[in-house]
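By letter and in written order, the chains are A, B, C, D, E and F; residue numbering begins at 1 in each of them.
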């Protein structure tokens, strides 16, 4: 039965078929290594469900989501209790997207899910760089003995990519050894996004993966996250940064992680995450 | 791309095609005449989204949803601000379902949506009877001058069906004229479900439409509703009543209305609504 | 019985009699055309109830509410389900206030209620101008076929007033045709309040109606609203703008709409709305 | 200005003038000695504000609030930080009501406010008896050294009335000495309301003050209270008990205390408190 | 510095030293395999923190916690992301308690933590029986391929204990194969606790481990749990069952799991869990 | 039993013994004079409980809490209903700390608790100055007749210290007489922290007590407070101010008051309070 007036659950009108799409969105609902408050597994589903309140048109970029070919593949059905298998499932799905010449757009889930998508991207692009916005360094070698943890995800990324490939911004929490380690191995900007312009200039022609931990935003803007860290950046600062990604010519994938909607009864965190996703899609496509 | 491990948003595994289905579920997300606390428009979407926490198997009936052909058609895209048009859209969709020989299963929305589905059912079945579970009589001739209101929906049903066709149970709120009027025109059981067995016996061969206003349940069980009325029935009582519907041979449609999930941060109201829907489907199919 | 130590439920000490008042406050508790999250009908009542936490004295303006004659008329008892009748009731009440030479101060409710008050004002002041702060353009010609909708309220205002009379600020959401239409017919400032000084200069002697959709504020400041739009203005920016209204010599009415308190358990949205109302009253009286 | 379509903030249509009233309702918004979770000061205001969702007609008693003369005097403006002064203010107001031959109906606030009203009642009726529904004994001689505490309010009542005048029901929490003391001095029924019929028979002609601590209800029915105690009575049990008060010929006053609405976002606690107040008024008038 | 007026964070006055204790309480804050809503990791900490609102005296059993020697050992510091290691840490701690001749009292956490404590108990008591109260069978052989899951914990228990050793009560959710399997291998009572008396009679002299999944309670009583299942048992039923454990002469350990306090803003779930813990301690000591 | 892997409930690793400590933290859980929304009594306990989500290392100051000797003494066990006794208990405990040459660090509780600690500090340091950050003047001579009130705490401080010793910043609410009085007797900076540098310069060698009412922060950052006042300072402004306290050579004590965590389900208010406490400790030690 054809039924044109029935709403479907795609993110914000991203209704292209996979075959036609330039970018593929998928959810990675996992929060198994979260150490403080769990719930990020609800992030992607909630973004999809609430996105119908958002306009497809961006008055900032004067572009419309419906002018682009984007496929929303839905949610990966990840198991709980086996971290390595979760990462393998994410890597496999992301690998297919990149193999097919499309941009991989992952919605978390906690930050560890980034590692799965990153492994896929790094396989295809050995000269990959990462731009990383976050409140936390995520640079621990292990967390309570575990190598695979949301608190060590960027350290694991470094295991793959090595020195000089990781560009962190907005960092305002971590332990002393993490900050000391960072000085040797990566670019790290504390507290704000200063220096992003230079970073973008240097990476403009290189393959880039962008990972956005939403807790880089101030908790007033993003209360719905597992570990809120006061003193973060404002929404307009993040928006401006995202818009500058139009100068990156080769974004191969990105993710938005750590939305934990149950901690924000008002829904403003989900609204912010959805709008950033719209602006990111319109900036990199 | 075939992708077997992606979750889709159907109610509880109701994934049959429309053409194959014996019953068709649809959402009617409207709460435009709600007089106290709005939000019932979120009911159907939330039930669909949260149903994945529910098992498809009923240990009560020892039946499984996946053994039946049920189509989940999604949400009607209803306008706001034009009540008559909303009812017409609901009637039209419900009419098609009944014309095609299927059971119409509507998820509200506020109680007025029942009128749309009922008009469709009454057109096909002139000898239709209604079984109505509710805390409120819903028998006002008008509410603040409006004929079309959640508070007058059963009175409008009577306009269509006439005396002796409406069987109310669980009623514990209304104004005096409503209760007086009821004595003349309908069967009304106050406070509980006593007498349901007799009702079912009398209607066993007749076409029946069942409308369940979830606020018939006690607010301890169903806090997420617009106008909670303490002193309601328990979940087990409702369950037992629903199971007795297996003796009705010709249920042509039913609805579940007035879930307003935003008032229940714990989610127990949505869980109760989903389970009742499962048991209703398994009882009437 | 005289009982001086009993609290009464007026907004913030606005206890003047109607006959004596220079301004009359009333609530318009309607949200029947809200398309996303309803609840704005609770806005005015909640502002009144919570206003006792606010001081009557403004340290910004060094004025005190109790030095002015303001009548709080309470809540209009609006029906649900008949949009045109709601607007007629609002128009009628607002018309009486303006006819009696008083300033009409309406607390919403959703944004469509503005149309009722505006019809009254435009009848009395054919050269009326509107200053409009909002996140949304509200310029659709219709919304899902309905001409009377919160999403088209300013377009309906234009139907009455015509080109060059509407001054929008802070707009950051809408569809492309709305933004295109705006360029032809109204003054529109996107994202912030720049240009307000010039607007005020041009309108200083003209009759002005001010409509404040609270979602112009950033959701961090105003989470309790139906459709939060990240990237809004700050409270201090809004305060400064409101204070500049002291330069308008003929404000004939204003409204504050779209507070939806149920989405903000913390109460900060209501506190912000109350303070803005205090500052607006002290600025235009 | 006469304005018949403006809603006013009286409890449930209790709009009689003081002079005409048979019963006078007032709020006592104090929770200064609460030891666990404060917030009962919001109880009375919230009941008044939310009561408009309730019908004035009781289908249980087939009576209507609007058939009786009840005055809602609003809220006492009690200070915080001086417990004795608070009790004196309550006593003074309650004394006036009883002196004028009316029933004193107080809405708390925490349970200590009962002491103020009780002092007034005991002065007028030396042979006063108390019926007390509660989860807690409230029989401590002091609480952390303080004689005036919500945890010792019934002990203070005993100081005034002496042995054999206090009838407790539903008690399920206290320390061992409280329970031991009770055996000597008062009638105490643990866990449920059994024996109430006998109590009512014995007190049918005597002056009776009834104090209802809402936490006697099970927390599933009354989550919005400071110290929830699982294992309480159901709403229907309480309703039946309240209806049996029609056999008491001389209820001189009653109170409903310990509603703390902020702990119950769903509002079902307030709805239950309002309905009990309606049924109590209709039972004792 | 000795400081007698400082509160300490022990569960409900359980301040005995480990060496003196007959029972040892510890928290197992893990929810890594939760499939629906996480948060049970907060259960034990919240019980400890909120227990100060509870009396140490039970008017049901007329016993007082302070008359018994109970040690509260605090929270195990479990890692996230490595399920097997978590279980090993729990087993090790529980093993020490049982080796020292004390009762092991574990507060979850999700239900899988039971497996750790059970391994310890089964090692010491080869003829161990389990009494299991739950809404869910927890009998899956695996969950999405994982053998160690909250949904298969009792199946894993059976791997250790074999047929005839597991007594389930209150079960109302699972898939069909789980119910079929149960008929062959364990005692299973659906929906309620009928038959518990007989079970206790049979096990009175045997070593027994009791595991209480709080979702056996109806969600009206226990909204704060990951997967609420309407149709559960009441608090008084559970209380009566727990009190009947006084007839068990050899309870070697027990646990209370699946309290997820973030889903219950009212706190009644935590209050219920604390009271059940008090009554359990007083029943088995 | 030694058990290194059990978590203990100290604030953020402040585990020094009292005897060794340079600073002593204690909670003062009192909110008995709160006039609007109570709950500040939960502030200190919640900060302690949630602090484990915070790193001990400050990337701002490049210092670590674990490098300093700080004792967390837990919560004072204050009575309710006797304000003077509460203040005496606080004064006594604070007096001991200061007598022992340590910095007194008090966590509220409402603002009146400051008076207890201040009395102790003023006794030891007759030339004491106060730096006071707040949204409210707190300068009333009495509040509803009470001299001891959260609304008059700074006026009571002036009673002790006299003119020229109190430096207020961020004030944006009060009544007119308070603002008039302030001009004569104290330094008062409205709306922001401008002038703090000069204040610090003047007080650099003097004994200083710092009292931080968290509602000086904007409600977007600190929704969890009793009386939110929109238009406050940002978190980064507060952080910068706190860091400038490194120039104060003789801070004898400080407090953080008016966190009321129940009004902020997201937890961002508690996170902000904890981080400010960390930065304050690292700035003054």
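In this section, a contact is a pair of C-beta atoms (placed from the backbone, for glycine too) under 8 Å apart; a residue touches a chain by one contact, two chains touch by 3 or more.
Just so you know, these numbers come straight off a predicted model, no measurement behind them.
Asker: Give the chains in contact with both chain A and chain D, ordered by label.
Answerer: B, C, E, F
Asker: Considering only chains that satisfy the touch condition with chain D, which of them also satisfy it with chain F?
Answerer: Common neighbours, chain D/chain F: C, E.
Asker: Counting C-beta pairs in contact, which chain pair has more, C-D or A-F?
Answerer: By number of C-beta pairs in contact, A-F is the larger.
Asker: Please state whether the interface between chain D and chain E is built from the same residues or different ones, using more than half shared residue numbers as the mark of same.
Answerer: Shared-number fraction below one half, so different.
Asker: With chain centres defined as C-alpha means, what is the inter-centre distance between chain B and chain D in Å?
Answerer: 38
Asker: With chain centres taken as the means of their Cα atoms, state the distance from chain B to chain F in Å.
Answerer: Averaging C-alpha atoms per chain gives centres 55 Å apart.
Asker: So which stretches of chain A touch two or more other chains?
Answerer: Correct list: 37, 77, 218, 220, 263, 265.
Asker: Pairwise, which chains touch?
Answerer: Those chain pairs satisfying the definition are A-B, A-C, A-E, A-F, B-C, B-D, B-E, C-D, C-F, D-E, D-F, E-F.
Asker: Touching residues of chain D toward chain C in the complex: what are they?
Answerer: The contact residues of chain D facing chain C are 1, 3, 5-9, 18-19, 26, 45, 49, 73-77, 89, 96, 265.
Asker: Report the residues of chain B in contact with chain C in the complex, numbered from low to high.
Answerer: Those in contact with chain C are residues 31-35, 37-39, 41-42, 77-83, 85, 112, 143-146, 148-149, 262-263.
Asker: Show which residues of chain E lie in contact with chain D when the two form their complex.
Answerer: Its residues touching chain D are 52-57, 59-60, 62, 64, 218, 220-221, 235-236, 239, 265-268, 271-272, 275.
Asker: Mind pulling up the chain F residues that touch chain C in the complex?
Answerer: Within the complex, chain F contacts chain C at residues 36-37, 171-176, 179, 190-191, 218-220, 223-224, 227-231, 263-265.
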